[in-house]
Amino acid sequence: MTDVSLDKVKEIITQLEANPTDLYNNSFFITWRYPKETVNAVLLVAEALKRLHKAGKSVRVFDTGLGLSIFRDNSTRTRYSFKSACNMLGLGTEELNESTSQIAHGETVRETAAMISFLSEVIGIRDDMFIGEGHRYQKEVSDSIQESFDHGILPQRTSVVNLQCDLDHPTQVLADLSHIINYFGGVENLRGKKVAMTWAYSPSYGKPLSVPQGVIGLMSRFGMDISLAYPEGYDLLDEPVEAAKKFSQETGGSFTLTHSMAEAFKDADVVYPKSWAPFTVMQERTQLLRSGRSAELKALEERALAQNATHKDWECTEEMMKLTRGGKALYCHCLPADISGVSCKEGECAASVFERYRLDTYAEACYKPFVIAAMIILTRFQNPVKTLTQLLERDQPRRTVC
Amino acid sequence: MTDVSLDKVKEIITQLEANPTDLYNNSFFITWRYPKETVNAVLLVAEALKRLHKAGKSVRVFDTGLGLSIFRDNSTRTRYSFKSACNMLGLGTEELNESTSQIAHGETVRETAAMISFLSEVIGIRDDMFIGEGHRYQKEVSDSIQESFDHGILPQRTSVVNLQCDLDHPTQVLADLSHIINYFGGVENLRGKKVAMTWAYSPSYGKPLSVPQGVIGLMSRFGMDISLAYPEGYDLLDEPVEAAKKFSQETGGSFTLTHSMAEAFKDADVVYPKSWAPFTVMQERTQLLRSGRSAELKALEERALAQNATHKDWECTEEMMKLTRGGKALYCHCLPADISGVSCKEGECAASVFERYRLDTYAEACYKPFVIAAMIILTRFQNPVKTLTQLLERDQPRRTVC
Amino acid sequence: MTDVSLDKVKEIITQLEANPTDLYNNSFFITWRYPKETVNAVLLVAEALKRLHKAGKSVRVFDTGLGLSIFRDNSTRTRYSFKSACNMLGLGTEELNESTSQIAHGETVRETAAMISFLSEVIGIRDDMFIGEGHRYQKEVSDSIQESFDHGILPQRTSVVNLQCDLDHPTQVLADLSHIINYFGGVENLRGKKVAMTWAYSPSYGKPLSVPQGVIGLMSRFGMDISLAYPEGYDLLDEPVEAAKKFSQETGGSFTLTHSMAEAFKDADVVYPKSWAPFTVMQERTQLLRSGRSAELKALEERALAQNATHKDWECTEEMMKLTRGGKALYCHCLPADISGVSCKEGECAASVFERYRLDTYAEACYKPFVIAAMIILTRFQNPVKTLTQLLERDQPRRTVC
């Protein structure tokens, strides 16, 4: 095997040995609650799988088995990434449609969890609409699976993978980070780079906080200078902010909070301008939605949109970009972006800026299936070093004929 | 191979030799219309597959092929069980969505049957809403497939598997029975055990009769004492009742009908308290639904709910459970159950009783994917003894790497 | 290998060598825009796959990978055929549901195209509702994939397969043609056969023009006499009509246009009576739908239905059939047909005629999965001769046990 990209896979496997995790027979929830080795392991396995796949090698590890998804909010790329991840590993996929199931019939979460886990290796869940709910639901599913597994009912300990909750969006931000690592030529080059995670104006309302929270809770672990910027009133939850402060200090980076987009963009190496709803709005919305008070909900929406509209200057314009390091910071976005004059009248990003980085954002998104596949391997295989070594050595093409 | 559970598979294969069936290139509809050997064969193949799967062995028998499902009523566990069964055998799955197909466009059942069978090995159908319709529809699909197969149009004789019709719910009750056999340590221990199949109060209306009919039509074949209990007016169809009487007599068991829940529970070894609609209500509902008379339908619903409400004492309480053999009968349910104070105010079962048996009901449900897989193997493979023997001997793990 | 049907596969492979195409790493759009060799290649690969499949051989060429479908209009058989094609080749399938994706959120077509192509080998698209739109959309998706592939973002050049657009319905008409070739015992026997592609009355409105356009644009390439018949005002687009004229001239056949169904049926060897909307109605409908003018849309529908109703005599009756060659022309239809007295009061075809050819139309439809699979192989494999040769030589059964 003389393929350079595959020689690199050998190196990755060596690095993986130094990053053991407790993920086996467990679930993957929130990056900032795991040790750094766990984060490293996901990044390394994802990179190895991406290289094997690009070289035309099969990374199939399952003969049969199912990957199930539950989407409680719309999704294009995460849904498709999850299904791609399952497919590349050899799992069939199903999606639980709560409206045509008997869940409305009075089924409890723990009952459903057992019922859909019989032959499942993994369940991917997006539940990001309500503050205080998404993670709790994912945890309840995971705990119920554990109970059924402990009692010998389930033949395997199906893992839950967080495809976005109210707190974190780990598959997204680990894909973002993989892209940034690749852009700067290695994780060792992140030290001292400045990342601007900034709020940006959007004509829509109620966007989750999980992406900015995930970004600061993850990128702060690599010695980077994190600048979080948003207009007053758009605070994030304390937990990820405190985590980011602590990680920055531990890794020799820094964490600063500002209410000026320009200040965040100043000399930034990476910019991530993205809208989110104020935490208090999300809380109020959760309560109103739950109690079905639609008139008040409408009033809240109008108030929130009006509040957003006072910050239309929070746009990633060419002028803003000129403030970044050499005017050439890497623009990141989880997509879809609100592009001024393209997908909306006024939005998060100027059309010319977005167009210049458009293909970069596609490349960024392309890491997600491999990040998810890495989480599946780490939660389902006891010795991922051995698993990857076998994948490399068996050298099986993705096509069965040429 | 020294795995004890796999030694047991060898025994099962030996027993299977003594239970030949006519299922090859046919469909699976209603248990009580088949010879006892057919029922035995399903139970045996299901048990063998479950053991192989639990031991981490692949039971994949197809390289490619499709399993198609048609759900004309909501479903969580049967839908998922069907897809799990297909997946473990190597089939991809699709679900026919009648609203986005051209069926509304004037397609006939026989046309649709041919169109979705091109590369299908099996079609699973749930059609349980209307008395006199579900089985007829499944039969029409199966006959149409036979016609196309006979004329050389279809390359294989796709089988139809009944995932619940108006008469029977065979995949459910064979899973129930597998669970009971396992609980008592073998089919030979069923003789003389008392099974109480009883109606129970539910605040909902229109629940199918197929589960109680399936239970009495199946469990009566093993020398058990079947006690069927329901309030006056909740009669089942004659055919399964007559079948149960005949089977009980033939196998040295007994069949009794009572209108007292307590009498049924008295000294019972197994209790299956579950709501269903009176047959006459289901008939009237079918006619009203078909003619779109919504006002009369609403009136029927109110009348039926009021009728149910006069029988709230038909609840599986702690007091009722104390009447059973040693107060410790095995509680069975097809799920989801109406649990008093949990999923409804007053329902089929007291919360404390259900909680004590909750994990048992999950274990009960876990047999369903294997029962369905057994039906697929028996309908699609000419010599299932040979098929299972090969699965056992090839000893292939479910994972392609470790 | 002494199987006669497989000896025929060897012959087909030899013929395929004489029909090279430019389809590799490309998409499949509209038959009449491709050289004749391309059309031949699809027919040959489809026939080879069908024979291998019928002989119980696996035609799996992918270890893993996805086939994605986008249906912007209802579908039973094309949807199912696409999924069957993917499955037989080893691809998992997913369907993009635009309503639960983030597309409504402001995603552009080129963004979506990249996002759903990460691990996809093929995307099948039906978009036939609006004149001037379907093909344009398919092309835009294909071009966007090309861009992402050229920039190294996508690891493979996902192909787009036209599952019906506003211009052509290639998978349908190539299946129709395969059936006709088989009926007459070989492509060499088509010369001089008369094909009547005629309009027929339907009580519905707005049926696409793509089938009749596809039929004349394809069947005219084999030396047949094409008779296109429709009432005044039901013109097809110029492009396929001009193509049909040119092809007929080149291949020694003929192309005639008439406004008499009887004239077209006279001595026909094949009849294809099928309703479609006048081109001008489709154009007007497109504009009204886009601008949401529902009152005018309703008026248009009424006007179009009234116009249709003046041509109820355009029905494929027993009397019409008597006009055909020996009264025994082969009746073709893409299904579902509007059958008088069965699926509607008065429609395209008399019930007795349809019933006589019903199983033939099923056989016709059965070619579609193989046509689609052929398009996937030709667009994804550089040397299809080698691919088929390997499939034949490896001689792998579709079942992994017997």
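In order of appearance the chains are A, B and C, and numbering begins at 1 in each one.
Note that contacts are C-beta pairs under 8 Å (C-beta built on N, C-alpha and C of every residue); 3 or more make two chains touch, one makes a residue touch a chain.
From a predicted model like this one, the values you see are computed outputs, not experimental measurements.
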Do the two copies subunit A and subunit C share over half of their interface residue numbers, or under half; same or different? different
Give me the superposition rotation angle from subunit A to subunit B, based on Cα atoms, as a multiple of 5 degrees. 120
Quick one: subunit A and subunit C, Cα centre-to-centre, how many Å? 41
Mind pulling the residue numbers of subunit B that touch at least two other chains? 60, 90, 92
Subunit B-touching residues of subunit A, taken from the complex the two chains share: 60-66, 68, 90, 92, 94, 96, 100-108, 111-112, 114-116, 118-120, 147-148, 151, 153-155, 381, 383, 386-387, 390-391, 394
Touching residues (chain side subunit C, partner subunit B) in the complex: 53-54, 58-60, 71, 74-77, 79-81, 83-84, 87-90, 92-93, 335-336, 338-339, 342-344, 358-359, 362-363, 365-366, 368-369, 396-402
